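After this come two complexes, each holding chain A, first together with chain B and then together with chain C.
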Partner chain A sequence: MLGLLAALVAAASDETRAETPAERGRYLATVGDCVACHTAPGGTPFAGGRAIETPFGPIIAPNLTPDRASGLGAWSDADFLRALRRGLRPDGARLYPACPYVYFSAVRDEDLLAIRAFLATLTPVANPARGAGFGFPFNLRPLMVFWDALYFRPAPFVADPGRSMAWNRGAYLVEGLGHCGACHGAKGALGADPEPGVLGGGRVRGWFAPDLGGDPRAGLGGWSLDDIERYLATGSNGRALAAGPMAEVVENSTARLTMADLRAIALYLKQDAPLSQPAAAPSPVPNGRIGAAIYADACAACHRANGEGVPGLFPRLAGSSAVQSARPDTLITVVLHGGRAAATGAAPTGPAMPALGWRLDDASVAAVLTYIRSAWGNEAAPVSSEAVRRGR
Partner chain B sequence: MLTLAEAATLEAIVDRLIPPDELGPGGREAGCALFIDRQLAGPFGRSESLYLLPPFLDGTPEQGLQSPLTPAVRMRAGLAALEAHCRAAFVGRAFAALPPAGQDRLLSEIEDGTRSLAGVNARAWFDLVLQMTMEGFFADPIHGGNRQMAGWRLIGFPGARYDYRDWVERHGAAYTLPPVGIGGRPGWHDAG
Partner chain C sequence: MPADALPAADVVIIGFGWSGALIAEALSAAGLGVVVLERGPYRDTASDFPPGFAPDELRYAVRHDLVVPTAQNTITFRNRVGQTALPVRQWGSFLPASGAGGGGVHWNGQTWRFRPSDFVLRSHLANAHGHDVIPSDATIQDWGVSYAELEPFYDRFEYLAGISGRAGNLRGHRQEGGNPFEGPRQRDYPTPPMRMTLAPTRFAEAARALGYHPFPQPSANLSEPYTNSLGVVIGPCSYCGFCERFGCGNYSKASPQTVLMPALRRRPNVALRTGAEVLEIARTPDGRHARGVRYVDADGIERYQRAELVILAAYTFENVRLLLLSGIGQPYDPRDGSGVVGRNYAYQTTASVQLFFDETRFNPFIGAGALGMVVDDLNAEGRDHARLGFIGGAHLAAMQSGGRPIQSRPTRPGTPRWGGAWKHAVARDYLRNVRLGASGSSLSHRGAWLDLDPTYQDRHGRRLLRMTFDFHANDLRMIQHATDRLAEIGRAMGPAEMVVNQRHGPYSVVPYQSTHNVGGAVMGPDPTTSVVNPWLQSWDVANLFVVGASSFPQNPSYNPTGTVAALALHAANAILTRYLPAPGPLVPR
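Moving on to the complex of A and B:
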């Protein structure tokens, strides 16, 4: 019974499209966003060569085109399944979990093999780039055995018969190919991804991928299903703009998914009933006047004096979950180094936030961020100058 | 770039060109001399953007200065010539030690060409000092002058604000926001 349900879930979005496995695979590879990592900047899609940042150092995502020597041309289907399920290469070497196989292990054989069928249709490109620049001891691939033993339990997706088909489809996409938790779940000390279903927020390349749970301030508690769908489909809804790593996810992946799949993802993410608003006593803001002065002079032109922003152009800061996140990484990165929001067919502008690190010293950035985390009814911990210094 | 003695003379000059009064601070307090010093030490002072190969012929006034001498060299030569003149004419006293009325008289004579200084084009030198003093008074404070935005406050210039959309519709209302420089304003650092 459960097996049948799982099969239905995997097929849920497919009934409208009578496709070959390779066509299905193209769509599923989009869900998995393989192209984001397995493409060098400016390089041929899927031909590998991009260095992926990990907590231990950069590691190159290799060539997935069917080139026999440097790509997957000589791999069997079983080789492919073993790599994406268990992180094992045909030669027995272990893959670093920088490739999110921890999530892919939940994906059904048929879907993985469809991706393989799609990859096999690509033009072979010779690009032997691979390998990692880790320091000892993480440069020892065999050590990954212990990592795997500690953290990795390959687990096929199990549908919840008590939930709707759409909800289960959402769970399958989020916890499987979509690997949302690779960024939105807190990383353990060894770079381990969290338990499936834990999307409590995590740090990625200087950004903070917010809590996707029901917290009304820092999470999606205040978002409607439509808000989530529009964000994933266009990168922009009246509340937030997707920037940084999420802009890439939206442009390469979620903006290209069917509305049915986006609705399924939204349903799954909204599974937790919104938590009741915690009634915290407003705490006095250190340097409130200085932060307010900087905001008025350097930020209000775009984000408006009342923090409401301009829909689709300048994100709202009032009530924003990104602004009230547990960790201020995104805020520090955006103010110091600037950012660019996703540009999608439906929202093609891709507005950019200018870098202001040259204009504001650490104490000023800390003061203005502390201000936006406590103004207009926002509530989140102050940001220290020290945290800003580390973000430079 | 300037020596302490040269800087003292220049400070005295800028404070006569823009004297402190009831409307606000003068050139000295506004940091004009520091601005000039920094400009002379930089590409402007070295004439980096000018074509500096001979021949040098006297041109028409419209053609501007025709000289291999950089602003830094001209500034120093002028300051030295002024000092030499003062020491000879006022029993060893430096320009900075003259009473304000005496300083004004001397500078006015140089400006209108009735006083020459040995070895330099005194009028051209005066033009250079006056031009740079005004720049120092009104340029963004990030360059060392216009301290506390004295120049901008005097004329009501709002500074480098991003835009004024919030004010566009407020016809007839007084604009009250303090000026902001490229590097911010005093209120960004102390709650002023």
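Moving on to the complex of A and C:
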């Protein structure tokens, strides 16, 4: 019974801002969301083993714990910096750019070494799983030398003295450790990330990571700084709910960042991300009545007849940038397969969208998506049955 | 101790319905390590109730998918001594739930506070009308807890669940539009009443013209979005009409899933084990202290979970049965009235009136479990029922809970049961009928109790619970009076035809009436007439709390969930503020 009392009086220890390099490194590893890739489902955090799907096949994320044989235990600081900066393992082999070392070249030495100091405090776990299941010729790591030559320009971050400290901090986080462009930038033909600073939206695992530029429909043009902060801090801001891959990013990373860093990220994204191309001009809506009827039947109970949704529960469709994105991948994936929103301490609900693919055929999904992309003032291109079929 | 004993927990909770979930929330928030054992499956809104198949009437309303399978657990039933009780093989009169969320998943959402006088029923009646009005065989008693003591916990539950309603009594000041007979509440409901449809509106107009005081049913089907103190968002009801017997796919009916689970899921000091059927509460050799529970897990393996505190929070039947099977407390003996476990089982006494109109369409497909208007004038304090030859009372309501396609086919008397004429009548009457209900109180009495069946056993070889119950003549007189008043209101609504469904004895366990089975492990200030003290702590085993409607000494007319929740939160508060600082009996025996 004494144990019960002790439990009652034990105050929960608040995680305060880092002091030692290792503690600072824990925070920076959270910014980089390293745990997302380097943890197998149900596995020990950072012990690797998760298969990262890429257009060329799966890559097994390696073990980051200080196990000497299978982890980073035998690596020197210089090895660590070289891997994250230049994509080279200690044995000289080249990393595949599933690891966003392209971004990490912008990160300061002291920050990378803090992450290393943090990783060194983890309990060593023996987990030799790594490697890639690529087909020829992508299975040949030496060929990465050509990829790097084509696409990789190591570029340390240079602060803009004409900007505020906060703006520069935001730029450093977004373009560096945060590696936002890895999803929100359009990948090139060989998996190349876009130029730094171009966050015009990109496809990832069947979802479309929206345009983070200033477009008022498809981008962040209609979002306030507070909207961006709340979205990153909680996964939910009354305009949108983080779902799919972004739900993981919010849960593992952004919900755990300081409000000062979230404000910095918002400042950088909101004020200075370059304006992207305006969304495609709307075409006449085919099957508008069919889409509206399906909407009334299958969607309106939650998303409401006027598309306004319910804040924190059912995403708003009217005026939504996800709905009006250039590509409808996210919409198709969510309608066919469902999805679950992020659950965070501040917004724990984690509501789910049910899968409708079993009761709506391709033409019906296309009709209802075309409807929501053109109803309530929305303007975006129609969705074809063919695009829905590819999403199944 | 068995070799396969699990690591000890601070608290083990048996059952993950409203009671278990609320106590798990309160105790885990204070830092205690909590293990919850639930006999049924895991269920959550996202995984189990997507709107595409949540309204599957065949699966849920006809085949009772959310109810405990009788092959796993059932009761035996008889009306009176001298009969042989037989096992219920298909649930009828009531539907005991199973699975995460318990009855909180498939309830209608009608959320009441009991009246102040309900908690002191025997002394109130004796003071107001003299002892003689209480039938000699009635075993009604005071609860040992007052409305004022429970008020903060009613409030906490209403604000966790987001209940939609209108206050009738704010800190003693009467409020227009609410229930004028309710006890004083510290603040109004967190969300406004639901939007009324035509049938309840007409009912309220007719009732008002007859001098009654109708008000909107306080509802756990929320009228608007609500974020509770745990940060969980509950949605606005879509009035789809699939509440009772169904899980809500729209996150809009308060249930452990929609109100508590998102917060509990994030707490590392809470573990929910489903498919875990508890066999027995294990005690120290002197019997004074619970050591933990034995249970069979989802793989059929017997486990032993040790704990410092045991919370028995299963349904009424299983609470009583586990006490009896574990040998805790003296079983009730109806021959001499001695003993307490199983004593004071009570139910509710219901009746209805069906109205058929020729022209007016009521659109019964719009509905919600707690969408309706209620009249509470006929309950105990409102009128001098003793003069009429009974004690207790009823509330009358027009609930539009959903005209579902399979089971909602009311037709007028004389309609053939099948064929063209039946189809024609269904097509005519579906939109043009209104059902009014009377829900009445239930006396506890010498002839109604729960014990272990001498013959029938469950799959683990444990004796089933036996129910001996019939309506008390007092309750039949009471419901006849209430049904007559209900018919007067119905007639005033101007139907072309009206059918009055009076309740007659004997009680039958077959037609559905109410899943408000109460008592058997009742609370009270006196250990010779109660199983638990006013904090729901066992009189016999100080580290065992028995929570749920099993603690009601008798049943008022109202739906029990609000009071079940308030009692659970009241008990949790007593555990944290009274028991843990000085473990032991909270009331000297």
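Definition applied: the second predicted complex is superposed on the first by the 362 of 392 C-alpha atoms of A that agree within 3 Å, B and C clash if a C-alpha of one lies under 4 Å from a C-alpha of the other, contacts with A are read in each partner's own complex, and residues count from 1 in each chain.
By definition in this document, a contact is a pair of C-beta atoms (placed from the backbone, for glycine too) under 8 Å apart; a residue touches a chain by one contact, two chains touch by 3 or more.
Here the structure is a predicted model, which means the values were calculated and not measured.
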Given the touch rule stated above, what does A:312 touch, chain B (first), chain C (second), both, or neither?
-> second
Does chain B (first) or chain C (second) touch A:78, or do both, or does neither?
-> neither
Contacts of A:302 with chain B and chain C, given as first, second, both or neither | both
Pick one for A:345: touches chain B only (first), chain C only (second), both, or neither.
-> second
After lining up the shared chain so the two structures overlap, which partner does A:355 touch, if you call chain B first and chain C second: first, second, both or neither?
-> second
The answer to whether chain B or chain C touches more of chain A is C
Where on chain A do the contacts from chain B and from chain C line up?
-> 298, 301-302, 359
List of chain C residues in touch with chain A within their complex | 10, 30-33, 45-47, 50-52, 225, 227, 230-236, 238, 240, 249-251, 262-263, 265-266, 308-309, 576, 580-581, 583
Report the residues of chain A in contact with chain B in the complex, numbered from low to high.
-> 287, 289-290, 293-294, 296-298, 300-302, 305, 359-360, 363-364
Using the touch definition up top, name the residues of chain A that touch chain C in the complex.
-> 1, 3-5, 7-8, 10, 12, 298, 301-302, 310-314, 338, 340, 343, 345-352, 354-356, 358-359
Name, in rising order, each residue of chain B that touches chain A in their complex.
-> 161-163, 165-166, 177, 180, 182-185, 187-191
